[in-house]
């Protein structure tokens, strides 16, 4: 045993000594994948390496959990990769590198990615931190086959949440499926209908406001639906705290008539549903105030602790260039953030499934009609705080641990505590 | 044959089944089902396609729908058992499905498509192993690199654990000195500190020592396991002091006593600790995830976690890689488990 | 000599040489310091590593608990004194967790308490029964031993995942029960069932570990004691209480101590299995600490540290109790 260990030890030590030193020209990208985007990125970077042999790009594929929980620790310690794909863009924005002085054409970035620039920079700054690898938009999916079998017409474009609930319930009863509808266990998801019901989370001072009538209205309705069986409560009770849970598997198995999730489910449905049934993206149902979905997505940002900022800027410029963005989106079935690409409207998503293309086009269309208040949420510092408190408490109500009124008080109290904790 | 059965069903003396025999066999058979069943299911599931994984009712074995190539169609078509209006069933291939109806052709005589209601058809399914779950990760997953790192971490951590823990256990069980109870108390009390609780301070220490993104940063914090010291000490307490006194009479040094007398006698406990150490270090996840953020340093557990994304988890890859990572531990266990019992019988303790 | 034995000889030779080389300086050390010095020498490496990587972080953790803010590293944090502790203890009625400011903490405390009581009790019973059965004169004993030990080899993440799949509405259990007329049921969305599942799954995952330790103890009991008892015609139950159990005591104490400690720390497998739900019915302390310190937005490492210090204090008291108990057991074991 030991005899074999010694050479192993020495070689490994050597490997360690050499690998911990960052070479000039090294650019490390920390990347997580929901699907095939990691492979597509690798492919694109291989091409980049051929054009720029002196820049050594290394892609560290990680779990999303690493990005969410470990990257912040590394960043605060001044460690971390050179570029990262991140979702907590605003919260960590003080760690991002300003690319404005480094890129050759800042105006290109402002025109094409300007709409989301605020999502990823400190309030009031003008810096270019990076760009969105994809835009997501929440929206509904309907199992068209189930609707047809039940003989219930699909509610139209301006249908309200109540219309959808009534129609889905009819389908569920006629087709003997366990639940009519489901909504992911996520504060971001439930915020979309809240906003449609007229909610406003942002106070006059930019800090969280108390829960208003709009939010309370929809949450009350939602809890009512989970109690009378219209809405699946499974995902909501399947965790404590703010853990994210999706109900996608139920929809894939044709156990749901209507599922409110978002555009990122499209590639997932395309592989897992295949041709088993027809499904359509429906956009977001309406409330009294609006018919909005919630935008979001992941951004690729440069990190200011990098030792090779010029090389980092080169990589970022390449990835943000129009043909690369277009190819990346077409292959990954993501909705691009690039304004030029969207406006041209010649995206041809790489899928031979007609339902996929139709659904993606529905979402691309819907990005143009997202309400102003929804557009602001991703760039609002306290959004995650409110989402977290809301999920945790509403889930407790759904599980029957808490009364609705108590939950409302608790959400306000939790948010207030968090704001105080952060010392701002 | 009769003798084998007699041997297998050996009972607690007498002609009749004693109640303990019944309990024994109920317990064993139940244990077999409950302990192995889920693992077997895991292994079968690792051969399922993503669609089959999400399916209900789940199948035990991996099935996939059969496909046929039909003349006049470019792509292979999916085969269905169709109940025709006259009540007969027939194997037909689906050309496309429109709403509630599907157009089907007979693979033997592809002519005009037949319109069939989708409720009258059932896919023909056959056992099929999705081996691409295994082969694909090997292509874009630096498997052998990760394996090497995992082996390095596991072997080094286990060796250091055995040496360091046994030395400490020796001191705590065979010497009287001031502060012994205190040391024992500290070790026991910290047995209870879960890693997730001291994560941030530990990270600052690792960072200060320059062990961030270094395999030693994974190894060192885990080697002084209180559990190991505890198990070994409890075992060493049973070694008679007379043996040690006799050795001292023979002018053996304390170091010789430790490694020539005490260590061999502790072999069974060391084997137990070795098994656990291997299992723990091999399966370590949270801590390596924090320390190692470069792919050339990933261990297998960290490597397979890259398939969990924000909004979607690629279960088929995670399952297959889990099965692969299980193999070495199972081998180590099969190899070491002999020592546990033979060791105990051989040392002639008590 | 068998080939494997000669192989072992070859492998052991360098170890012998190294050990021999170490011996000379150590003899000199022993002359200088005497026996107690040697004791410290043996203890030193373990305690050094231990001190740096466990004790020091614990001490730092205590300092954390006195600071506030969401920054992760100490230099960026502000001193707030006992505020975090005050906040944890701010309740209008100590009997009802929901009246506390940090209701989740107290829910977690009470959940953890019940979990420990149930899990440890069943764990000891199941492990003991398994060990006794495996100690019988069975055919293919090493196979059966492997059967019960097998889940210990799985990582907690895998354990949690397997069982979540089995217990979900579309899972294996409902599929198996369906032919018996049981309607598909979401086991993990029922408060009682999900708690039972948490206890059961952690039993499943760790029982083999403890059974093995007990089995080792059982096999170390000299056979002649049983033979003597058999000749005297002692009843089996009496043999168990009078011979087996007392002689098993040292191992049983190891098992109790370890099982207790491990169950207080319960986290990974249950976190993946139930996520703490439904509601907060399987939210345990470690999950509370982890989520407060790292997951929730914004993080509160100070509050998490304070909670962990409180948890640690309780555990130290438990350990002291057990140490007293263990000492009595040890004496018994030595006879």
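All chains are identified by letter, namely A, B and C, in their written order; residue positions are counted from 1 within each chain.
The rule is short, and it goes like this: contacts are C-beta pairs under 8 Å (C-beta built on N, C-alpha and C of every residue); 3 or more make two chains touch, one makes a residue touch a chain.
A quick note: this is a predicted structure, and the numbers were derived from the prediction, not measured.
Participant: Please state which pair of chains has more C-beta contact pairs than any other pair.
Facilitator: B-C
Participant: Mean of the CA atoms for each chain, then the mean for all of them together: which chain is nearest?
Facilitator: Going by the distance between chain centres and the overall C-alpha centre, it is B.
Participant: Most remote chain relative to chain B, going by C-alpha centroids?
Facilitator: With centres defined by C-alpha atoms, farthest from chain B sits A.
Participant: What's the distance between the Cα centroids of chain A and chain B, rounded to whole Å?
Facilitator: Distance between chain centres: 32 Å.
Participant: How many angstrom between the C-alpha centroids of chain C and chain A?
Facilitator: 37
Participant: Indicate the whole-number Å distance between the mean C-alpha point of chain B and the mean C-alpha point of chain C.
Facilitator: It comes to 18 Å between the two C-alpha centres.
Participant: Counting only residues that touch at least 2 other chains, which ones in chain A make the list?
Facilitator: 1-2, 68, 73, 77, 249, 253, 255, in rising order.
Participant: Specify, in ascending order, the residues of chain B that touch 2 or more different other chains.
Facilitator: Within chain B, residues 55-56, 200, 204 contact more than one other chain.
Participant: Give me the residues of chain C that touch two or more other chains.
Facilitator: Within chain C, residues 72-73, 169-170, 294 contact more than one other chain.
Participant: Across the complex, what residues on chain C touch chain A?
Facilitator: Residue positions touching the partner: 11, 14-15, 68-73, 76, 78, 98, 101, 103-104, 169-170, 184, 186, 188-189, 191, 274-283, 287, 291, 294-300, 303.
Participant: Across the complex, what residues on chain B touch chain C?
Facilitator: Against chain C, the touching part of chain B is residues 7-8, 10, 12, 20, 23-24, 27-28, 31-32, 34-36, 38-39, 41-42, 45, 55-58, 163-165, 167-168, 170-172, 175-178, 180, 183-194, 196-202, 204-205, 220-221, 223-224, 226-227, 229-231, 234, 237-238, 253-256, 258-259, 268-269, 272, 276, 279, 282-283, 285-286, 301, 322, 326, 329-330, 333-334, 337-338, 340-341, 344-345, 349-350.
Participant: Can you check the complex and tell me which residues of chain A touch chain B?
Facilitator: On the chain A side, the touching residues are 1-2, 5, 8-9, 12, 15-16, 19-20, 28, 30, 32-35, 38-39, 42, 58-68, 70, 73-74, 77, 79-81, 87, 144-145, 148-149, 244, 246, 248-249, 252-253, 255, 262, 264-265, 268, 271-275, 278, 298.
Participant: Could you please specify the touching residues of chain B with respect to chain A in the complex?
Facilitator: Answer in residue numbers: 50-51, 54-56, 78, 94, 97, 99-100, 118, 140, 148, 151-152, 155-156, 159, 200, 203-204, 207, 212-216, 289-290, 293-297, 305-312, 314.
Participant: Considering only the defined contacts, which chain A positions touch chain C in the complex?
Facilitator: For this pair, the touching residues of chain A are 1-3, 68-69, 72-73, 76-77, 88, 91, 178, 233-234, 237-243, 245, 249-250, 253, 255, 384-385, 388, 392, 395-396, 398-402, 406, 410, 417-418, 421-423.
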